[in-house]
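In the two complexes below, chain A is the common chain; its partner is chain B in one and chain C in the other.
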Partner chain A sequence: MRHSTALRHRLAERGIDRQLLLLVPAAAFVVLLFVYPFLYGVGLSFQPERGGPFSAYREFFADAYQRDTILTTLRLALPAALLNVVASVPIAYRMRGRFRGKRLLTTLLVVPVTLGTVLTAQGLLNFLGPTGWFNRILPGDPVRLTNNYWGVFFSLVITGFPFAFLLVLSYLSGIDPTLERAAATLGAGSWQRFRRITLPLLAPGLATTFCLTFVLAFSVFPSAVLVGDPAGSTRVISIAAYEEAYVRYDYPMAATIAVIMGAVELLVIAAVLGWRSLLYTGSTAGGKG
Partner chain B sequence: MTEGFAELRLDGVSRSFGGHEALADLTLTIRRGEFIALLGPSGCGKSTALNCLAGLLPLTRGGIWLDDRRLDTLPPERRGFGMVFQNYALFPHMSVRGNVAFGLQMRHLSRAEVRRRTDEAIRLVRLEEHAAKLPGQLSGGQQQRVAIARAVVLEPSLVLMDEPLSNLDAKLRLEMRTEIRRLHQSLGLTTVYVTHDQEEALSLADRLVLLRDGRTQQVGTPEELHGRPANWHVADFMGYRNLLRLRAATVTGAEAGVEGDGLRLTGTPVGVIQPGDPVVAAVRPEDVRIAEGAGVPATVEVVEYHGREVAVEARTAEGVRLYLRDAAATRPAPGDKVQFTVDPARLLVFPAST
Partner chain C sequence: MRPRRSIVARPAAWLVWGLVAFFFVNLAGVIGSVVVSSFGTRWFDTWLPEGWTADWYSAAWDEFDLLHVLLVTVEVSALVVGISVLIGVPAAYVLARRSFLGRRVLYLLFLLPILMPPITYGIPLATVLYKYGFAGHLSGVVLANLVPSVPFVILTMTPFIEQIDPAIERAARMCGARTRHVFLRILAPLLVPGILAASILVLVRTVGMFELTFLTAGPDSQTLVVALYYSMSAAGIRAQQSVDAMAVIYTSMMLVLVVVALRFVNPTQLVARVKEDVD
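Our next item is the complex of A and B:
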C-alpha cells in the first residue's frame, strides 16, 4: 500500500496523473483524423498499381514533367515567404508601440487573410489583368501580371503577408522596450539599436514565421489555377497530385506526390530550424523586471 | 564627452502628460562630481525627471545645459549620459563582456581599447569570473553590477540611476548601496539617483531634491532635509512620523506654544506662524521621550520589537495617536500607562497650509 502511494506520488511529479485521461478524446481525434489518414497515405504510396514498392517514387523522379513541379513550387513559395517575412519586419517595427489608430491599421493589414484566396484572385484578375485598371493606366503595351508566375506570387503575398505580420508583431511586442532605450543611452543610433538589439532577439521568431508562411505557400493550389498558368509556369506540386488523384485516378501516385511534398517541406523547415538553433533563443526581457 | 565640465543646469524643466503636469519647473544646478538624489513618493515626478535628463522623454518646457551646451534638444544617443535602469535592461543575448563593451563599440574605439576598458570596468564591479556568462545566468545583484559597469565604462559626464536597488533583497540592497558609494568615491562621476527610499537617499547623496506632485519641495544636504525639513510634507517623507494637527497658541521668536486635542507642547516654528494659526507639529518617534512623573499621559497600544529598541504606538486620553521609541530593556507592554515629553528643539511647527 505504501509502495503504491509512493509510486503514484513519483508519477504525479512527472505530470502523470488521472487528469491525463482528459487528453484521451483529443488524442483519439488526432489519431482518427490525422495520424491514420497520414499513415494510410504513406502506405498507399508504397503500393503502386505496377512495379515494386518504390516504383511510384522512381516514376515521379524519372519524369521531368512531374519532377520539375518541386522546383516550380519552391520558386514560388521561397521568395513569397521570404518577402512576407522581410516586409513584415519594418511595418511591425514601426507599429510596436502604442499609438492612435493602431487597431484600425492592424485590421486593415490583416483583412486579406479573412477574404480567402478566390476573392483575392478575382481582385487580382480585375485589377492586374490585361484589360484591368493597372494596365489601362499604364501607357504602352499591357504588362502581363496574371495567368503566369507573377499572378500567383502576388496572390501568395497578399494572403501570406497578414499572417506573417501578425506573428512578427507579437514576437516584437515580446521584446522589452527598455532594451532599446538602454542601447540609446549607450550611444546607439536607431539603425544600430535595430541591428544589434532588436533583430538578434527577433531572429528566432522570424525563422518560425518563415517556416509557417513557407508551408502555407508551398501547398498553394487555388491561386495557382485561378491566376496562374496551371499547365505551364505555375504547375505546382499540388496540381500534379490533384491530376493523379482525380484525372488519372492513380491514388498510389497521388499519395507518393503528397509524401514527396511533405518531405520537401520538412527539408526546408529543418534547414531553417537548424539555422535558428545557432541563434540566441532565451528570454527577451532585460532583467528581473 | 567627459572633458571637464563645470556644471549641469536644469532650467525650469517641465513635462506634461495630457493635461497633467508630471514635473513642474525643476531648476537645479549640479556641480561636477556631485551625487544628487531625486527623492519622493511614487508618482512624484522623479522618474519623469530622470527620463527627461536621459532624453527618453522630450521636455514640455525648460532646458538642460551642460555649461553652455544645450542638451535637451539632443537625442539620448548624443547626450553621452550613462543610465542604470530599474529592471537593469541588460541585453539578454550578449555576454557580460558584450554588454559592457556595447557602448564603447558604438563610439568606434579600437578593438584593443574596447577590450582594455571593458576588462577594467568588469574588474571594478568584481565580475571577472562571470565575464563570459549571459545575463540570464547571473543573480540579481550580479546583473545590477553589470548594469552599473555598462553605464560607467563610458566615463559619462552624468550617470543616471533609476531606483537601481528596488529589485534586490534587503541584505543585497545594503551591500550594493555601499558598492555604489564606493564607485562614486573612486570614479567621481556626477550622478543623479532616483529613489523613494529616504534612508538610501540620505546615505548616498551629497544633495537631495525632494519632489511631491511634480514640484520641488526642498533641495539640500542630507543634514538639512533630515533636521530642517522645509514644510510638513517633507517632514512626513523624512521620517517625522508624528504629525499633530494643532493650533498655535503663543509665538515668541524661536519658540511656539501649540495646543489642541488635550495636548499642550512647545516647539520650534518653521516658517511664518501667528498665534491662532492651524499648524502641523512634527516630531520623529526617536525624539519622543518617556518621562517619569511629568509629561502627557498616554496608554501603550502596540509594541514592535526592533532589537535594541522597541517601537511603541500609544494613544492619549483624547485619542491622539503617537509613535515613539523606547529602550527594549524597559519592556513596555500594551495597556501600560506612560508619560511622554518632547524636546522643544525637536518638535518642528509648520504652517498647516503648505
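Our next item is the complex of A and C:
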C-alpha cells in the first residue's frame, strides 16, 4: 500500500496522475477518427491500382487537367481571403469604438454565416444572373457574373467577409487605446497613428485571420459546383478529389489528391504563420504585453 | 479637454460606410431574390413575379420529404452535440488545468481537424467508415461530424475553464470532496454557460456542415444542407421555386439557431477566444 502511494506521488510530481485519464476518450477519438483515417489515406495513396508506390502522384502531376486544379483553387482562395481581410481592416477600424447600433450591425454581419453555401449559390444565381436585379440596375448588356470565376468569388466573399470582419474587430478591440492616445500626445497624425501604432500591433491578428479565412475559401466545394463552372474555370481541387472517389471509385487517386490538397494548404498556412512569427517578436518589444 | 477628432478623414469615412452599404445592398439582393422567388408564381424577365403563392412550400415539403430530412438533421445534431460535449469537456479541463509531457502535441492534434479543409480528411475518413460499414447510415454521419466538433468543444472550453479560479476547487477538496463531487457539484454549475455556448456553436456548425455529411450520408441519412444540395444540383427536374422554398426553410432554421446563439455568445468575445487557441 505504502509502496504504490509512493509511486503515485513520484508520478504526480512529473504531472502524471489519474486525472489525465479524463483525456483518454478525446485522445482515443482523435486517433481513431482523424489520425488513423488520415494515415490510412496516405497509405492508400502509395498503393495505386497500377504502377509503383509513387505512380498516383506522378499521374496527378503529369495530367494538366488534374494538376491545374491546384492553381485554380489558389487563384480563387488567395484573392478572396486577401480581399476579406483587407476590406475588414478599415471597416473594423471605424467600428472599434462604442456607438449606437453597433450590436445591431454586428448581428447583421453575422447573418451571412447562416446562409450556407446553397442559399448563397441560389441567391447569386437569381440576383446576378442575366435577368436578375443586378443586371436590371446596370445599364447596357447584362454582365455575365454567374457560372464562372466571379460567381464563386462572390460566394466566397459573402460567406468569408463577415467571419474575417468579426475576427479583425475582436483583435482591434484587444489593442489598448491608450497607446494611440499616447502617440497623439506626442504629435502623431491620424495616418501615422494607424500606420505606426495600430497596424503593427494588429498584423499578427491579421495573419491569423487570413489563415482561417483561407482555410474556408480553400475548401470551396458546393459553390464551385453550383455557381461556378465545375468542368472548366472553377474546377477546384476538392471537385477533382470528389470525382475520383465518388464518380470513378478510384480511392487511391482520391486519397492522393486529398493528401496533395492538405499539403498545399498547410504550406500556405506555414508560410503565413512563419511570416507572422517574425512580426510578433518585433511587436511585443513595442510594449503590447 | 479637446473633443476627440475623427480618426480617419471624412472622405475615407464615407468610402468605408459606402462599402458596408454596398455589401449589405447586394446581400439583401441575394437573400431577397431567393425569398421573392420562393413566394412567386412565374418569374421570368421582369422585376417581380407575376403573382404570389405559398404553394412552393407545401410542394417542397412533400417532394423532398422534408419532415424526414428535418428529423434526421435534428437527430444528427443532437447526437453530435451531446457526444462532443461529453468527450470534449473533460479533456478541456485537463488541458486547461495541467501541464504534462506531450501537452503541446496533443493540443496541435486537436487543432488540426479544425485547420484542415473537411474534404482532405473527409475522403479518407469516408473510405474507412465505408470499410467498417458505418457510412451510409446515421452512425457514419454522426461519427464524421464529431471529428471537427470534439476539437471545437475542447478549443472553446479550454479558455473558459482557465478563467475559473482553481482556488474554488482546492477549497472543495479541503472540505473533503472527491474528484467526482468536485466535478458534479462545483465545476458543472460553473461550466454551464460555457457548455451552452459551445453546444450552440457546435449545433450551428453541424447543421451547416456540408462536406462531411455529403461524403458519408446514405439516402436515408441526409441532413437538410445535403438534401438541399442534391435538389439544387438536380435542377431541371424540380421547379426552381421549390428549391428556393427549401433554401428559405434552411436559412430560417439557421437564423433562429444563430439568434439563439448570439444571446449566449458575444461574437467578438468568441473570436477573442479563438485567437488564444490559434496562438
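By definition in this document, the second predicted complex is superposed on the first by the 263 of 289 C-alpha atoms of A that agree within 3 Å, B and C clash if a C-alpha of one lies under 4 Å from a C-alpha of the other, contacts with A are read in each partner's own complex, and residues count from 1 in each chain.
The definition used in the following text is that a contact is a pair of C-beta atoms (placed from the backbone, for glycine too) under 8 Å apart; a residue touches a chain by one contact, two chains touch by 3 or more.
None of the values given here were measured: they were computed from a predicted structure.
A.B. asks: Of chain B and chain C, which one contacts the greater number of residues in chain A?
C.D. replies: Here the partner covering more residues of chain A is C.
A.B. asks: Is A:145 contacted by the first partner chain B, the second partner chain C, both or neither?
C.D. replies: In the superposed model, A:145 contacts neither chain B nor chain C.
A.B. asks: Return first, second, both or neither, reflecting whether A:201 touches chain B, chain C, both chains, or no partner chain.
C.D. replies: So A:201 only meets chain B here.
A.B. asks: Applying the touch criterion given at the start, work out whether A:27 contacts chain B, chain C, both or neither, answering first, second, both or neither.
C.D. replies: Touch partner of A:27: chain C, not chain B.
A.B. asks: So, does A:164 touch the first partner chain B, the second partner chain C, both, or neither?
C.D. replies: Neither partner.
A.B. asks: After the superposition on A, what does A:112 contact: first (chain B), second (chain C), both or neither?
C.D. replies: second
A.B. asks: Which holds for A:189: it touches chain B only (first), chain C only (second), both, or neither?
C.D. replies: first
A.B. asks: Quick one: which bits of chain C touch chain A in the complex? Just the residue numbers, please.
C.D. replies: Result: residues 5-9, 12-13, 16-17, 19-20, 23-24, 26-27, 29-34, 37, 44-45, 47, 86-88, 90-91, 93-95, 97-101, 106, 109-110, 112-113, 115-121, 123-129, 143-144, 146-147, 150-151, 154, 179, 204, 208, 210-211, 215, 225, 228-229, 232-233, 243-244, 247-248, 250-251, 254-255, 257-259, 262, 267-272, 274-275, 278-279 of chain C touch chain A.
A.B. asks: Which part of chain A faces chain C closely enough to touch in the complex?
C.D. replies: Residues 14-16, 18-20, 22-23, 25-27, 29-30, 33-38, 40-42, 44, 87, 90-91, 93-94, 106-108, 110-124, 126-127, 131-134, 136, 158, 161, 166-167, 169-171, 173-174, 190, 193-194, 205, 208, 211-212, 215, 218-219, 221-222, 225-226, 238, 241-242, 245-246, 251, 254-255, 258-259, 261-262, 265-266, 269.
A.B. asks: Applying the document's contact rule, which stretches of chain B touch chain A when the two form their complex?
C.D. replies: Where chain B meets chain A, its residues are 54-56, 75-83, 85, 87-93, 102-103, 106-107, 134-136, 140, 143, 147, 150-151, 154, 160, 167.
A.B. asks: Can you list the residues on chain A that touch chain B in the complex?
C.D. replies: Within the complex, chain A touches chain B at residues 176, 178-179, 181-189, 192, 196-197, 200-201, 280, 282-289.
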